[in-house]
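Dropping a structure here in structure tokens format, bear with me for questions.
A, B, C and D label the chains in the order they appear, each numbered from 1.
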Amino acid sequence: MVAETPVNTDWKIEDGVVVENGVVGPENGDIGRVVIEAPGVVAAARPGHFVMLRTWEGEPFLPRAMAPLSYDVASGRMEIFYRIKGPGTRAIARTHPGEIARVTGPLGRPVVEDFEGRRVALVGRGVGITPLLPLAEHIVAKGGEVRAYLSARTRDYVFGHDRFAALGPVRVRVDDEDGDEALVTDALARECEGYRVDAVYGCGSWRLTRAAEALGVSHGFPSYVFLESKMGCGVGYCKGCPARLRNGDGYKLVCVEGPVFPTREVELSDPVHGPPE
Amino acid sequence: MKAELATDVGPLRLKNPVMPASGTYDWFGRDPEQVSADSFGAVVTKSVTLRPQAGNPPIRVAETPSGMLNAIGIPSVGIEEFLEEVLPQYHALDPPVIVSVQAYSPRECESMLARLSEQPRVDAVELNLSCPNLAHGTITAQSARLSAEMVAAARGATRLPIVAKLSPNVTDIAEIARAVEEVGADALCLINTVKGMAVDVETRQALLGNRSGGLSGPAIKPIALSMVWECYQEVDIPIVGVGGIATAEDALQFLLAGARAVQVGTATFREPRSLARIIAGIEEHLAQDGLHSVGELVGWCHKGRLTVGS
Amino acid sequence: MKAELATDVGPLRLKNPVMPASGTYDWFGRDPEQVSADSFGAVVTKSVTLRPQAGNPPIRVAETPSGMLNAIGIPSVGIEEFLEEVLPQYHALDPPVIVSVQAYSPRECESMLARLSEQPRVDAVELNLSCPNLAHGTITAQSARLSAEMVAAARGATRLPIVAKLSPNVTDIAEIARAVEEVGADALCLINTVKGMAVDVETRQALLGNRSGGLSGPAIKPIALSMVWECYQEVDIPIVGVGGIATAEDALQFLLAGARAVQVGTATFREPRSLARIIAGIEEHLAQDGLHSVGELVGWCHKGRLTVGS
Amino acid sequence: MVAETPVNTDWKIEDGVVVENGVVGPENGDIGRVVIEAPGVVAAARPGHFVMLRTWEGEPFLPRAMAPLSYDVASGRMEIFYRIKGPGTRAIARTHPGEIARVTGPLGRPVVEDFEGRRVALVGRGVGITPLLPLAEHIVAKGGEVRAYLSARTRDYVFGHDRFAALGPVRVRVDDEDGDEALVTDALARECEGYRVDAVYGCGSWRLTRAAEALGVSHGFPSYVFLESKMGCGVGYCKGCPARLRNGDGYKLVCVEGPVFPTREVELSDPVHGPPE
């Protein structure tokens, strides 16, 4: 069970500054967007990385794991979308520009493959869309092609839509227009017929990731999943974020062995109690 | 004048009294730039078991008011892989290495300690007595007899300093403390997590995969302090205080109550630089108060009150 | 449709499951406009002792992370003055009156309960078993035998419902619970405060006048929940849950873990309207979830998991 | 031990608003001044009353007992000086105008004597000066005379100086000009020789209150003390704020039986561990 590639210890703790913060979409909505200036972490971030974020003193005790939509090295800023659900994300929502955001990162294992000439499908839903954008940019920068399949409750929550569109074709399904029975992976299924796909990455929906995996199996391409998990520390100390391995073969830690796993390795279902925050 | 931060925990000499609690810091062969285990008073490994075990299913951690519950379940590579793959990495570190051992029977304890005693880079062992004892269907640290049996087995198998880590979930902690002192424990570590539980109102079920878990963090500091205080009066072996320490002031409270060293656990999850900050804070406090050494503070509470002016 | 908030705690019928914890609310003959004891499921008096006692010297309270320590020491006018001067004021109140009794021996317990049984306006007694037993030099609630003796003495002296309030500072709470159930307790109240301590770094001494105290508040909620859960599986008498409840969600967690009613204590010190808010919150939750009564939730956790969709 | 006069249950809980807040005196000083608009509590307040104040969510758990310097019924505002010492007062110091201040009050037993023709000396030190101003105003309004004897570390901390001066003679001693050996009660001692004093009220210093009491004994006037205490609830529920009675005769509760006591009733010394916050 000793990690075969070294655990990421190249993270830093940085007192970033909140630059923008507010609710996305309808005013009483439950999705926030915060922009944080933390140049040290931003400069080191690669696709697949995440950060631990704390914008409050006192309670709650633990920081929150977040996967930014984008990192801008020039401005030193990262952009994070978060679902306002518990005391931590409510505290983030209350934060004002100019206030300090303690950021620990970049954390986890980045996606470092060479994408030259490779065609990659990205399947995301809700805030699970966000870690796919840095990957999309990386793939294109490395000479690959991307197609994004994005799903959300409403059009407001298709985060980074235009930026995905600048990188390749985008298919979108939103519940309130298309119904929540419609799967954005149906579009991927159709397109797989006439287009070679070399890999798919899913995030934010077990159902969509399972559908993507099934397409990979039938068309012969590998599939990967970005896992989300409640975390204690994010850095490998607490062992609190296990991903169940397939066939009951124990666990891997999302924080230091993930967050990206080949779908053949991990169970694609909810860890006991519904989606983590 | 710089104050002396060094402290002795029985036969173990530490350059300062602050170390991580088992399972809350991990040495991955190197540290991030801002976290340096070389500055710790000691390093404590996560608990190792005789055979490999995977740990508990998710959900493993839950936040609680000023604390957290964990039901990690001691994932372990097993003692043999630990000795071959993990322990050699600790050679690179300067502070004493305390190996935390989780044994499910005195026999297991003996055999693990025999193996550990052969290693050049093990400076002490900490016996985690708080996990369910499979043989007896009870928790070792909840029974003076079982605790003594385990420590006696350890004592018979090694000359390494033995730190016995006790559970707060007992009627009389001093009874357990005396029992392990009698059979040769060199020090006590007080306290392990407190049994607790979280319920998810949405699913109407226990939140943790293992249903109950161990409560840690600032929430339990008053409980830990009380047990350190009590055991200080009841036993002669040194005490390592642990439970909710997040600041230098917290650490000082444990020293005053009778601890010779402290462990920092959950605070590291919130702020990985906690240990360094606590070490610096203790040094600053000693200087401010004109004290020469950490040792002067240990157990001060028990000396009786200072006269306070109007 | 309005959900049914009424709940039975053994022979005691409550219009809702929320009452103050003993010693955290006081009826002074009338309430401030925003706090109405008439809305409570029951009122619980502060503990009364046989003879008058003054309570502990200052400092009596200390704040801790998400909680507080108290070493109040049960100031009491004694049972006779209580019956003459205090209890008659409770006639003005609508909810059942539960008198908390602190006896230092089974004999004292008998004699107090005999007196209380004669009163028209006492609907139940809560036995505080957690205070040091002077005769034995130990704490009643830390011994199954002493607890059973005390409850048996109470049972022999009264037909009033008896609620036994247990201490969390035990190795095996279920053992104590079974012991008091066997001798006729009608209900359990779980849990009393957890033993704890605060140290003042400035004076280098224990902060509380009594040195150690009882920890309460949200910090101990996970501990209380765990004990309610455990005892629900081990005894048949109803459980009143208490320990760190500050919100309706907290109260619901206790109901799900197996409590038939809850007590709110320390939260009242922060927000005197806590009980009213918790009662309203429970009602709202039942309505939202389409439940008909509080009783449906009690012990749900023990039924096994709901299937959760993807 | 049952209270002979009824316990005050005429308090309310009011969501007041912070109008002003800042540090008094030097910028790095440890004394704050906050003005809170809470018209309900202000309208009901009488001399001797105090309030419980909480301006924060989350930690620390308990509100803080505060004795305002002044209540202004017209504006509905109260003015509070506080020593920034622990997590509660640090949280108050961080509060911005416009934020909510939860106020419970007025609490305790007010001073309701008739002061017609009576000459009262007031002896206060530091933030202990503040509860004396409402009393001074009350005495003068009721036809009495007041003289104030005020002590502080520096002149900045002689709170309400001008308002006391508008009501009667004021004597001031500040440590950094006069030395901390000088007692402001020395002035009272001298003046007692040529001036009839009918009562003295002390607050904020055991030493000064004991000196005032001694003068009362030798000149034959009663002395009173405003006690401060760490409190749990402030309203009589928790029994956490005992004042030691003289001759070991048990305790009275500062919150509902005080905060003002005749000095002959209570011990005039520190409760165990130094001055409460």
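Note that a residue touches a chain if its C-beta (ideal position, glycine included) is under 8 Å from a C-beta of that chain, and two chains touch if they have at least 3 such contacts.
Note that this is a predicted model, so its numbers are computed, not measured.
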Third chains touching both chain D and chain B: A, C
Pair of chains joined by more contacts [C-beta pairs], A-D or A-B: A-B
Chain centre separation (chain B, chain C; CA means) in Å: 33
Whole-Å gap between the CA centroids of chain C and chain D: 36
Intercentroid distance (Cα basis), chain D paired with chain A, Å: 56
Where chain D touches two or more other chains, by residue: 59, 272-274
Multi-partner residues of chain B (at least 2 other chains): 65-67, 203, 205, 217-218, 305, 308
Residues of chain A that touch chain D when the two form their complex: 58-59
Touching residues (chain side chain B, partner chain A) in the complex: 23-26, 28-34, 46, 52, 54-63, 65-68, 70, 72, 75, 77, 81, 85-86, 200, 202-203, 205, 207, 209, 217-218, 266, 268-273
Residue ranges of chain C touching chain B (in the complex, touch as defined): 64-67, 69, 142, 169-172, 194-199, 201, 203-206, 211-213, 215, 217-223, 225-226, 229, 244, 249, 252-254, 256-257, 285, 297, 300-301, 305-306, 308
Interfacial residue positions of chain D with respect to chain C in the complex: 1-2, 6-7, 9-13, 54, 59-63, 87, 104, 229-233, 235-244, 250-251, 271-274, 276
